[in-house]
Amino acid sequence: MTTYTHSTIVAGIPWKNPVATASGTFLAEASTQYYDVSELGAVTTKGVSPIPWEGNPSPRTAESPSGTVNSVGLQNPGIDHYLANDLPQLKQLGATVITNVAGHTPDDYIQVVKKLDNSPADMLEINVSCPNVNAGGLSIGTDPTTLYNLITDLRKTNQQTNSSSNSPPTVTDITTIAKAATDAGADALSLINTLIGMRINTTTGQPILANTTGGLSGPAILPIGLANVWKVRTALPHTPIIGIGGIHNAHTALEYLYAGANAIEIGATALLNPQAPHTIAQELETLLDQRPALAAKLAAGETWR
Amino acid sequence: MTTYTHSTIVAGIPWKNPVATASGTFLAEASTQYYDVSELGAVTTKGVSPIPWEGNPSPRTAESPSGTVNSVGLQNPGIDHYLANDLPQLKQLGATVITNVAGHTPDDYIQVVKKLDNSPADMLEINVSCPNVNAGGLSIGTDPTTLYNLITDLRKTNQQTNSSSNSPPTVTDITTIAKAATDAGADALSLINTLIGMRINTTTGQPILANTTGGLSGPAILPIGLANVWKVRTALPHTPIIGIGGIHNAHTALEYLYAGANAIEIGATALLNPQAPHTIAQELETLLDQRPALAAKLAAGETWR
Amino acid sequence: MPREWTTATRNPHATPARQPGRRTVPVIRVQALADTIIELTLQDAHTARTARPGQFVMLYTHDQSRLMPRPFGVAGTNGDTFTIIFAIVGEGTRQFSTLREGDTIDMLGPLGGQAFNLDQPGDYLLVGGGLGIPPLLYAAQRLAAKPDTRTTAILGYRDTRYADTRMQTHTPHTHSITNAQGDVLTLLNTLEPNPNPDQPLTILTCGPKPMMQAVHQWAQTHNANCQTCMEQRMGCGYGACVACTIPTIHGNTKTCTEGPVFPSTTIIW
Amino acid sequence: MPREWTTATRNPHATPARQPGRRTVPVIRVQALADTIIELTLQDAHTARTARPGQFVMLYTHDQSRLMPRPFGVAGTNGDTFTIIFAIVGEGTRQFSTLREGDTIDMLGPLGGQAFNLDQPGDYLLVGGGLGIPPLLYAAQRLAAKPDTRTTAILGYRDTRYADTRMQTHTPHTHSITNAQGDVLTLLNTLEPNPNPDQPLTILTCGPKPMMQAVHQWAQTHNANCQTCMEQRMGCGYGACVACTIPTIHGNTKTCTEGPVFPSTTIIW
């Protein structure tokens, strides 16, 4: 067991270190086979909906240069299953848990968030940027007014849990979206989600994904995530930001922290190496040892920029 | 010299084959050292402005996983130099030339396009999506009304040359932008330009690019370009589309043709291998031999979808 | 469409057993079995000792731009080594085909929550098509070690009978057919596959989906238990991404951790 | 800010001479010169025969996710081979450091529109710092073949004097200094660098920018012609991308095709 000395604070919640898993790339019973989840800063669970969702048809995944395009469509067993299984298991294992919330309609989100009131979840992450569902998700996250109204309603529903809004990168101006979320009461921002992408099979001439398009993630999107975090940090100097997108080693995690993130999440890279979040947390510990000024800022809940 | 049998027609302009260079990654005196430009479908020249532009400070380039982030800032010697040098040279060498037009203000574009009236340029590509200039570029390409007005004015200025609008990928809805351009009279659409990205030096904690952010291009963005072409093709079944973004071999060129593009441009890959556009044109010739139905559609100026 | 969620039956509070992660292992042997079909022997004691037939390993290319894992069924084990047999179909398998003895490769596994169940004594009919044959080779290896079972293998090939000699080392009752002659159903219908009607008949099948569906139907009419080893594009292989689902009577179900072996009656064909 | 555009002077209608493109060449020799400094000998007749001192080649990693070219000054030629000398600073150079004799590497070049001009007879003072020394080694090699010149080399190192013996094969007048002792300016000021005041003095310099600026100023006060070999991050190396500019009195100017060697008086320091 590694000892972590470089903690961080995200919207008031203490994290053992700045490394979390990203939603949809961590599943309690799968990922806990490979490392001790209590050694991460936090784990973010798969988007959870009011009732079980079946997701999109398969194939749901396609490779791309330094990336992966996925269209799972938020398949999940629903909030009741989550509250009875994943959440208690993760809390018992000592994890700090970010519950990612999904919905087709504002009411879906409200139902889930209501059930999470007084749950042991440490933070909520409101997924308003999933490119793989027809209703909800991205259509909410790209419209500032809709997003403002949603977050306002969610705040009323659940005063107890700190929430982060997971904003999409594919908007004309991310800062407008970010401001709408924080004005409505989001305690933090999770930036970024996947970008809409697709691949085509050149033998058949048809899309590889059954759903035609999916979300691009992995190292390919690293520069885009960094630019979004940088821009939002410039516009919102005090809002806690969780940096996401293309992190594949401790150095790329560090880039996000220098861009102004308080903490980071690791997505696709955990799919290619189950232990990656744990390994990166360990390696980041060493890199932060060498950067006491940055480490001190993070430990105080502040950011580099 | 290769014989090309699979031609295409883009907005009425015949191309020897579906492969062109992308703007900013081809310069007459540099690229012609490596291949015969008359063997390509077309060459697209660097964004040209009314007067010489000095561009951004250096460093202007940073590497990213399967990609490159650049902030040249449209440095170019201006339209007069272009008309006296690059354009006549390329025409004399037998190239089909797409002149990429840049501006800070609508008036900049109008000045350039006016000078290109009655020039030997075969097509114009209006760059409304450069992420590396503070005014103009992206700020025009992300707003449908501004774009509509600009293209309308340009159409009045120059009735002779077919023009394509190079639309940005980082907008909430690319189809709205695409429709604004074609409604205003754009004959074709060039999709996509680079995405805003950045990298940070983890030794200094500072951005690698002097301009902080730049445009991400190269294989990393392939799935994003394909999804944009697919979406716009679905919305606009008859508009000629030049597919751009991440093409790095003949198979990825083919993906764009299956997504509904009439032709393609090769950008970053030509920076990593000067002969790449020529090699890809040759290899695509073979792949199209094996796909007579697709080749026939392209030859007739139609598209696969 | 609410449904019974397969994982809900597990004890949510159990601390999970730790599995070995992604690791680099030596290539022991590379042998071409046919034009584009290669047998790769890798050294990994954990896989060799724990893999069950139907389980698979993930292999990763050395090409840092091709990140995704490639799944391959374990085709046999021997001491500290195991084999896989793969066809060169895309860029990843093309790169694997250039591996040489002494090289290394990254792997994860063995993976797969449900392997072939070989507990039942009696007759086993192994029906494989194309690159579905490798997992059946391993099933035959294991069945050969069980005195209370009798194995018949029915193998369909596109052209080259790349696995017949390997299958024959596990069972003398090996029958095969190539596309030009017909398919495994042709063989199933001409053979007397259940020579001992008193014995229970278990069918293990792996291959193209239409083939497995036909085998499933044949099993239904012959009152046989049929286990199918399914294929799906995977994002992780260990259950985290929910990319690898196939439609079953329980809803969209993960091939990696709820499969890849399923009772043929649960598949929505 | 309209300005004279350097390329406008060329004949726009000339059909350009074709250059060899990106190609794969054999690694002939890999030798460590210091802890993290490596000399790589590559076989490429075209480069060996045509490269001029100050020109550079692009090397590409085998890692398909790191696409960008890495520029390195030609440090010497010998028959059909040429050498470069590089420091391990990032992931690309780390990968190059693992190359072994018999491996291959992709390259482009030689590149660089302006090399050191060695036409002038008389005294040459080569002032190099750190990894700016390799191009000066090649300049010294070429100058050694010219009877009407006399070369003095002044080399500044961080620590290990990795290039002294190589420089001495080209000129006996080799002086060096390490950071702990001072810098090249210390040497310049203690030496009598222009022993023959009747001879024109040409200074060739390559190294960190502040060093080159100091050398430029020294040259100004000593009435010497000074040619500086500049460094900039590059996107292509052959003039297509306009990424590699530095500010000069002619405006932002490409290091690759308008340089990398510039008269020191044209640089905006």
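To keep things simple, chains are lettered A, B, C and D as they appear, and every chain counts its residues starting from 1.
In the analysis below, a contact is a pair of C-beta atoms (placed from the backbone, for glycine too) under 8 Å apart; a residue touches a chain by one contact, two chains touch by 3 or more.
Here is each chain with its UniProt name: A, B = Dihydroorotate dehydrogenase; C, D = Dihydroorotate dehydrogenase electron transfer subunit.
Just so we're clear, the structure is a prediction, and the values are computed from it rather than from any experiment.
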- Query: Count the touching C-beta pairs: is B-C or B-D ahead?
  - Reply: B-D
- Item | Greatest separation from subunit D - chain, by CA centre | C
- Per the C-alpha centroid definition, the whole-Å distance linking subunit A and subunit B comes out as 34
- Task: Determine the centre-to-centre distance between subunit B and subunit C, using the mean Cα coordinates as centres, and give it in whole Å.
- Result: 47
- Measuring from the mean C-alpha position of subunit B to the mean C-alpha position of subunit D, what distance in angstrom results? 35
- Could you grab the centroid distance between subunit C and subunit D? Build each centroid from C-alpha atoms only and quote it in angstrom. 58
- Item | Set of subunit D residues in contact with two or more other chains | 64-66
- Among subunit B residues, those touching two or more other chains are 62, 65-67, 218-219
- Task: Could you draw the chains as nodes, link the ones that touch, and say if you get a line, ring, star, complete or other?
- Result: complete
- Task: Within their complex, state which residues of subunit B touch subunit C.
- Result: 65-66, 219
- Task: Spell out the part of subunit A that touches subunit C in their complex, as residue ranges.
- Result: 24-27, 29-35, 46, 51-52, 54-55, 57-63, 65-68, 70, 72, 75-78, 81, 84-86, 88-89, 92-93, 208, 218-219, 268, 270-275
- subunit C touches which residues of subunit D in the complex? 63-66
- In their complex, what parts of subunit B are in touch with subunit A? 62, 64-67, 69, 142, 169-173, 195-200, 202, 205-207, 212-213, 216, 218-224, 226-227, 230-231, 246, 248, 251, 254-255, 258-259, 287, 294, 304
- Can you name the residues of subunit C that touch subunit A in the complex? 1-3, 5, 7-8, 10, 12-19, 21-22, 60, 64-69, 108, 232-236, 238-247, 251-252, 257
